[in-house]
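These are the structures in question, set out in turn.
Here chain A shows up in two complexes: once beside chain B, once beside chain C.
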Partner chain A sequence: MLAYTLKRLAGVVPTLFILLTATFLLVHLAPGSPLDGDRPMPAEIRANLEAKYHLDEPLIQQYGRYLANTAQLDFGASYQYKDTSVNDLIATGFPVSLAVGGFSLLFALVLGIPLGILAAVRQNMPADYGAMGASLAGISVPNFVLGPLMILAFAVYNDWLPAGGLGGWQHYVMPVIALGTMYLAYVTRLMRAATIEVLRAPFIRTARAKGLSETRVFVVHVLPAALLPVISFLGPGAAAILTGSVVVEQIFGIPGLGRFFVTAALNRDYTLVLGITLFYGIIIIAFNLVVDVLYGWLDPRVTYR
Partner chain B sequence: MSRAVTKQAGGWRKQQALDRAAAGNSLGRDAWRRLSANRAAMTSLGVLVSITLAVIIGPWLTSYDYFSQDYDAIWQAPSLATGHWFGTDQVGRDLFARTLTGGRISLMVGIVTTLVSLVIGVTYGAVAGFIGGKTDSLMMRAVDILYSLPFMFFVILLVVFFGRNLFLLFAAIGAVSWLDMARIVRGQTLAIKSQPYIEAARMAGAGTARIIARHVVPNLAGIVVVYVTLTIPQVILFESFLSYLGLGVQPPATSWGALINDGTGEMSVAPWLVLIPSIFLAVTLFCFNFIGDGLRDALDPKDR
Partner chain C sequence: MLLRVDNLAIEFATYSGTVPAVRDLSFATDHGESVGIVGESGSGKSQSVLALMGLVADNARVAGSARLAGPDDAAPVELIGARARVLRRVRGARIAMIFQDPMTALNPHLRIATQMTELVRTHLGVSKREATERAVAMLEAVRIPQAARRMRAYPHQFSGGMRQRVMIAMALACEPELLIADEPTTALDVTVQDEILETIAELRAATNTALLLITHDLGVVAGQCARTIVMQNGQVVEQGATERIFEQPAATYTQDLLAAIPRL
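And now, the complex of A and B:
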């Protein structure tokens, strides 16, 4: 088990390396310099500034500095918000995004797993068609459509829920539904397909032949095996939720990291965009690692070599 | 153990399907028969064809264009009398023309970008699967690594650093959406590789490149069609997402995502501005997904 974990950990190194190299090259291939402004800059001042930001060093040295800084999770200063480091902005915004994203993932799992099981058990019956139709609709209605429609229905026409901002639990209802629905749909489909496959497996027949009760067959044998695809979806799912929260935060005016990211992208705040991309990249890689290890631990077919 | 048994069964069925394909193109006909029996998929196909035609022809049917402003006719509700069938926005632009012209961009991005991802994905997957061995595991390891990167953020990064233009959008989205295709094509190639006709071609003196291009790729068509149908809506969604954030197509050009973004701001005064483009986008995505699902069932009758 330890060896397996270490092996997965070693597998993270090339991924991180590619993430860092790709972002670094992207920034340096981009036309223009971050020092370019509206007015031409005297050569001496420019040289001084370049020296200050180490832009005069050879590329490889800059790359080394960049790796060292990122290794210490130091993302530099924001261009747009003066006197604020990217780290400060991440520290303010991320907990908010984490709360919205975490609740959305929970929402998707808590509803999607039972719904998928129901559809599988009632395969090719009305309940199945209903659940599958609904989940296809869930996949087809993007969060930036669902969000505004919900605001229209529940905040503009009826005064049931706050339209935006952060506060009590009511503020979370619409963002979580908007963000979670698509993953709810994916989880339902995954759970249904996996349950159907497991139900047909010979070991289930064996369990029934032993005379186990239907409940016991389901809880002890079917469920753990059918949950595995959902667990392996958690990695990409979490990445997608982080991405989706960029939009949802924009719609509902939630002061999270995603909102900073969009503002930074629109204002070409290079360091902030880069810092958030790196930060999210690292988070996603770390989360994938945790899911992989968890998967290996849960699935008896994975061998620890 | 159980997994191995089901796998084998699946392999056998695939074999059967391939045998049928060999016997005079009957897999295609068979699949079409099964698809046309799927009423949901056929309805979706009909709706999709209508939307495509509307998007192509529609803008010529109205006397308004999509960019002219008319301050005497702002926030007009949809009406047949005024000729603004879908109403107008906050500067009096005709939403009918805007929705359909925006649809052109959305659908075009969807199709062109999917073609980009198709070419990359099929080539990559077929080469990895056919060559096999160390090359294969190295190539697939690279795909695994790319999988775990936050692509949306990369595309935004690209757009921010290199400016916003449609061509970059095609290339960037295409470059990140070929991974699924590569994986699936590789898996299928592994199965095709051991077919007798490949051996026959090799014996007849065909080189690797020729075998991949003439014998492997054509036999991938079925599975590739399914994934193309499922990639198009993803790409349309991706573009809408970027345009919604203001990072996609730039005014005066528009797309469904950009229209939904514009409409969201005017929602309480003029709800049709967000409703109509949203309906177009959602219905299109829904139809593509339905057809993709239907095609998958039609080509792989495993779950029937």
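And now, the complex of A and C:
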């Protein structure tokens, strides 16, 4: 397992290299420049700034410079936020995104797992139809619809929750529901399907034939097997929830990483776009690795090579 | 009499109406006796024994009676329609079951130790250590080499034959009065088949356990069972002493079955 983990870690570097190269080319291919503003800039000032940021150099030279800095984990200075490094922006934005994303994932798991089990145990009964109907709605309604609707209902027409910004726990309620609902729906459906399948497995019949209590059959025999698909969804799911908070952060005005990402792309803030993309890449790779290792621990049939 | 089944009938409620699976099955078994149930696929033999354990699917309707003699001349226990609590005290403790496919009948996520000791602890109420000792002794009885060490293994680390041995060890761990074996050798190699049947016979003899053996292999019945029940389309075609059935089959279906055995 250690050898497997090390092997997977060795694969991280080339993956990130490809990601970095592709993103670098794409942002530089996009029309416009970080120095384009609302008003045209005098040519001398523009030339000076381009020299300062090395934007006058050939692309290949800029690429080499960026690569060398990134190798030392220095993502450079932001073009947009004066006197702030990309590293600083990630350090301030990420904890905020992590909190919103983490609570959303928790919301999805804590509600989705029991709901999926309930639907499976009451298969083809009203509770099942209710849970499945709700989860279909949850998957179908995008968070950029759900978010504004909630703001209207709970912040505008009723003064129950703050419409945006960050402060106490009340500020988290709507963003977490907006971000987590789709994942809640996914987890519910995954858990339902897996539980139904495991309940039909021959080894569950064996467990019952042994005279075990229904509680023990469920907790010891059904649950661990039925949780496996949810666990494997957790890797890409957690990564998607952290990187996917872009829209929700925009709607609720949350100063998280996703918000920086959007403004950086709009402002051609090359270094910030590249830095956040790489950072997201590392998160996605890390979550997948953690889940793969966790999966082997839960399913003894999985062997690592 | 250990088990007495009277007019057992099973129907399945499906979208396209009610499908009868078993009609009017009656038989009896005494302590230590061995009864074979033979028949083709879909003849209702598996569903009949699952009904005795209360393990039929939710859409099954079971009628009739199956009485298991109470311990020490107590009143017999009615198994059909019994409460879950009653059934749980019978399952694994008084009637144990071995299934057809040992590859899927054991839980792939749990160690052999867990699967064996949970049964022993549920029914015998012993400490974890005593349960482990009992489990190891049973694994040794079914000739699992290095039994104590193999307790920590998972089912996928065993061969098919060894898994079926584990199933047998588990089934007999609480010394049940009746062992139901539903096609115990069908999924195994021919060479392993004999070993498994031998192991069952050996352990059964030691504890005077009755056997209800379900198979479509007439050769297996001939070797293992004193009495035989032949089933077709959910009904008993004929039943009686195995020897008589093999030498003078009364029903044409039994004659056809016997004629279908390939001869060398």
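One rule holds for everything that comes next: the second predicted complex is superposed on the first by the 245 of 305 C-alpha atoms of A that agree within 3 Å, B and C clash if a C-alpha of one lies under 4 Å from a C-alpha of the other, contacts with A are read in each partner's own complex, and residues count from 1 in each chain.
In this text, a residue touches a chain if its C-beta (ideal position, glycine included) is under 8 Å from a C-beta of that chain, and two chains touch if they have at least 3 such contacts.
Just so it is clear, the model here is predicted, and its values are computed rather than measured.
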Identify the partner contact of A:Pro224: answer first if only chain B is touched, second if only chain C is, both if each is, neither if none is.
-> second
Touching partner for A:Arg268 - first (chain B), second (chain C), both, neither | first
Partner chain(s) touched by A:Pro202 [first = chain B, second = chain C, both, neither] | both
Is it chain B or chain C that touches the larger share of residues in chain A?
-> B
Which holds for A:Leu298: it touches chain B only (first), chain C only (second), both, or neither?
-> second
Quick one: classify A:Arg216 as touching chain B (first), chain C (second), both or neither.
-> second
Scan A:Asp74 for contacts with chain B and chain C and give back first, second, both or neither.
-> neither
Based on the superposed arrangement, let me know which partner A:Ala137 touches: chain B (first), chain C (second), both, or neither?
-> first
Where chain B and chain C land on the same part of chain A: residues 201-203, 301
As the complex stands, chain A meets chain C at residues 201-203, 205-214, 216, 220-221, 224-225, 298-301
Provide the residue numbers of chain B that touch chain A in the complex, in ascending order.
-> 1-3, 5-6, 145-150, 152-154, 156-163, 233, 237, 240-241, 244-247, 257, 260-261, 263-264, 267-268, 271, 274-275, 278, 281-282, 285-286, 289-290, 293, 303
Complex interface listing, chain C residues touching chain A | 53, 55, 84, 87-93, 96-97, 99, 101, 104-110, 114, 118-119, 122-123, 154, 156, 167, 170
Touching residues (chain side chain A, partner chain B) in the complex | 14-15, 18-19, 22-23, 26-27, 29-31, 136-137, 139-142, 144-145, 148-149, 151-152, 156, 196-197, 200-203, 235-236, 239, 242-243, 246-247, 250-251, 261-262, 265-266, 268, 270, 273-274, 276-277, 280-281, 284-285, 288, 301
